[in-house]
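Taking it in order: structure first as structure tokens, then the write-up.
Naming follows writing order (A, B, C and D), and every chain is counted from residue 1.
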Amino acid sequence: MNKWNRDQIAQKVALDIPEGAYVNLGIGLPTRVANFLPPDREIILHSENGILGMGPAPLPADIDPDLINAGKEPVTLQPGGCYFHHGDSFAMMRGGHLDICVLGAFQVSRRGDLANWHTGAPDAIPAVGGAMDLAIGAKKVYVMMDFLTKTGDCKLVDTCEYPLTGIGCVDRLYTDLAIIDIHQGQLLVRELADGLTFDDLQRLTGVTLTYQPAH
Amino acid sequence: MINKTVATLEESVAGIFDGATVMIGGFGTAGQPAELIDALIHQGARDLTIVNNNAGNGDIGLAALLKAGRVRKIICSFPRQSDSHVFDSLYRAGQIELELVPQGNLAVRIQAAGAGLGAIFTPTGFGTLLAEGKETRHIDGKDYVLEYPIKADFALIKAHKGDRWGNLTYRKAARNFGPIMAMAADCTIAQVNQIVSLGELDPESVVTPGIFVQRLVRIQHQPAASAA
Amino acid sequence: MNKWNRDQIAQKVALDIPEGAYVNLGIGLPTRVANFLPPDREIILHSENGILGMGPAPLPADIDPDLINAGKEPVTLQPGGCYFHHGDSFAMMRGGHLDICVLGAFQVSRRGDLANWHTGAPDAIPAVGGAMDLAIGAKKVYVMMDFLTKTGDCKLVDTCEYPLTGIGCVDRLYTDLAIIDIHQGQLLVRELADGLTFDDLQRLTGVTLTYQPAH
Amino acid sequence: MINKTVATLEESVAGIFDGATVMIGGFGTAGQPAELIDALIHQGARDLTIVNNNAGNGDIGLAALLKAGRVRKIICSFPRQSDSHVFDSLYRAGQIELELVPQGNLAVRIQAAGAGLGAIFTPTGFGTLLAEGKETRHIDGKDYVLEYPIKADFALIKAHKGDRWGNLTYRKAARNFGPIMAMAADCTIAQVNQIVSLGELDPESVVTPGIFVQRLVRIQHQPAASAA
């Protein structure tokens, strides 16, 4: 069985983003999706700190400390992009104006609850940033994560054990083993990694899956 | 390639359905998208709920839409003006419903819709006729009225320059309700005086980012005062 | 006894506006205040339709339909002025950022309730505009009105009979007979028209006045 | 003549009192008014409540203010970063209070203060730890949390150009919280790279109208990237 690696997962997300979509890529793994966006599609990236039309990292000589992304890394602006303040930026998110956001996750529940901001460990310093706004605001919320934790527990669960980011907000999971839609209380397996059967996948999780390939 | 520009006024207002809620920009005639309103009259949608600061001036623009009998209800702050005879007659005849909203509550309710808020406590109107029957609350020494967002299916607005991504700038006080209505409608349609190449608008000076605009159409006929 | 005429009232208001004040002049009579602002003071006029730094009416050749005031009359912009949308404009008002607004009135109550938007007549078509926002938002609300109606009733009353614009919001009255502060439940007469005595004024109204000249 | 510019950093932060609530602009270091923060450290006010998106980076700016022991409480969305060791130590030692607010709620609560609203129902955070104990309401099919405005006595922000009336423009993504914090503080103090003559800023492109700014100070030393 060939798990999808992180670049392969990112590529699968990227290919599902249509021309003209307004997209926010969360900090961390989701940022990688930008590397695989089809060059023949115009896709407009949003950064919570007040940018639409965000472009790739600049050459070292062109780094501008006033032009960074949500992860505080230097970025560029594409022609047609613009700047705005945090009020407008989060109105875009909370007001349902973004088409897609892509987030990482610690756990996702079968009802689409998302936990991705806080381990809940007693000594952890909590930091939430824009995660909760993205989770509840975008028209479609995609999650990128490994199907299992390093210790072999499934991250797709009946009920999240970690503190929640948002309730019933996840629409689709892109994992190293499968792509799964969360739709009307069902978990619809759309695609499986090569050599993995539906029964293999079902055995790895305590929640009931339904096989319904996308094509 | 993203291209939100449409070639004709007819295309720009396609799909506006009977019973739709339509925001129309403008304060009096400044910023009123006269050509889009004419196109909407031509298009024929009826039973509309209109959101505008006023209720039409003279016999053109919004007044003409009212006169054509297409408007079931208007949500506005200042219907009665020296030249609002079309509205006045319909209102007196009981042929149009009026929801009168203080201008700042109109603005902030539109903003609340655009920003995805569920409701807001506003001080404006507390203790007045316009807050009768509404929930109120005393917060930190002051009284507030609970008001709900005003959303729309469509917004028709007038801007100055636009590009194919839908980024907009405005002209002087014609800006007024345009930017906030653009944020509150499912489909925002902007008439512009000029369409410029992508990247030509200064990214620091874009007033309405293209994410809030679904269609834009250039108005060929430019009154002298709307140039530059 | 010499009543103050409308220009004299406007002048008195104008002279009380300090340098640097952000001021909204309501439609109608208050607009006249602009004609008497001392030329050596910089005072910044706000117009609810999205202008700060509003200047006087233009020459006929310079009239621009996109540059009008709240009364829909052509105006100009002063250097340093700027434009903004209705959300920001009413945030300035509601958020307490304006120093002074000057409004007309049908009636003002002894507690500072204002009635200026609706006669309450059954056939009247109501129109409120920005009156309620101005009434509750500005740091100081000044009212310009005649002391008596044309039929001789006093417009300063115990309780307003007309529908209210705002509650307890009026700080000062500029009338044709006197200038009166509304302060902590008292009506403090600050200045009287020439030849008018305090007792004359008191006899014209049913509410209790206190004589406390400003100088 | 109105002149909101002050000559020195020292004057710009005069009057900030012990116990004050101070908003500080910036997202990470972009838009962080580093020189104003240094001036505040020098000025000596203590027992402050700070509102910022983060809780300081490295050992400079906001982190230095924290390190100097001037901050009683911080209201922010994202304190924990790779280089937030100053905050981390204080927090673990119980020497600083943290109010953690989702970033969009931070923004909209600041906006609510600037706009004079009493409270708002926001969907963000519903059902999470950060809404525990807060009033909630189901409105039109969706769940919301009631959140209150965040006001400040002072706001320290970084802008690009300013004029003597206090009108401001910003530079790229350094805009972030500046414009909304300017609206929510009794006294907004802006550091700018450049002070221009009145009338030189395009009235269509002013981002923060001067009404929201009480003092501005030019920073002499301009890092290369902040020019133009």
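What we mean here is this: a contact is a pair of C-beta atoms (placed from the backbone, for glycine too) under 8 Å apart; a residue touches a chain by one contact, two chains touch by 3 or more.
Small disclaimer: the values here were computed from a predicted structure and weren't measured.
Visitor: How many hops, at fewest, get you from chain A to chain D via touching chains?
Guide: 1
Visitor: Using the contact definition given at the top, which chains are in touch with both chain A and chain B?
Guide: Touching chain A as well as chain B, we find D.
Visitor: If you tally contacting C-beta pairs, which comes out ahead, B-C or C-D? Let me know.
Guide: B-C
Visitor: Farthest from chain A in C-alpha centre terms, which chain would that be?
Guide: C
Visitor: Using the average of all C-alpha atoms in each chain as its centre, how far is it in Å between chain A and chain C?
Guide: 54
Visitor: If you average the CA atoms of chain C and of chain D, how many Å lie between those two points?
Guide: 35
Visitor: Starting from the mean Cα coordinates of chain B and chain D, work out the distance between those two points in Å.
Guide: 32
Visitor: I'd like the Å distance between the centres of chain B and chain C, where a centre is the mean of that chain's Cα atoms.
Guide: Distance between chain centres: 29 Å.
Visitor: Any chance you could list the residues of chain A touching two or more other chains?
Guide: 77, 83-84, 87, 90, 93-94, 137
Visitor: Return the residues of chain D touching two or more other chains; collapse runs of consecutive numbers into ranges.
Guide: Residues 108, 111, 115-117, 122-123, 170-172, 203-204, 207 of chain D touch two or more partner chains.
Visitor: Which pairs of chains touch one another in this structure?
Guide: All chain pairs meeting the touch criterion are A-B, A-D, B-C, B-D, C-D.
Visitor: Quick check on the complex: what are the chain B residues that touch chain D?
Guide: Touching chain D from chain B are residues 108, 112, 115-123, 137, 139-140, 142, 144, 148, 169-172, 202-205, 207.
Visitor: Spell out the residues on chain C that touch chain D in their complex, using ranges where they run on.
Guide: Chain C residues touching chain D: 19-20, 22, 42, 44, 46, 52-53, 77, 79-84, 87-88, 90-98, 137.
Visitor: For the complex, give me every residue of chain A touching chain D.
Guide: 47-51, 63-68, 72, 77, 83-87, 89-90, 93-94, 118, 123, 125-133, 136-137, 163-167
Visitor: Which chain B residues qualify as touching chain C in the complex?
Guide: So the residues of chain B touching chain C come out as 27-31, 53, 77-81, 87-88, 91-92, 98, 100-105, 107-108, 110-111, 122-130, 143, 170-180, 207, 223, 225-226.
Visitor: Any idea which chain D residues touch chain C in the complex?
Guide: Those residues of chain D that touch chain C are 1-2, 111, 113-117, 163-165, 167, 183, 198-199, 201, 203-204, 206, 209-212.
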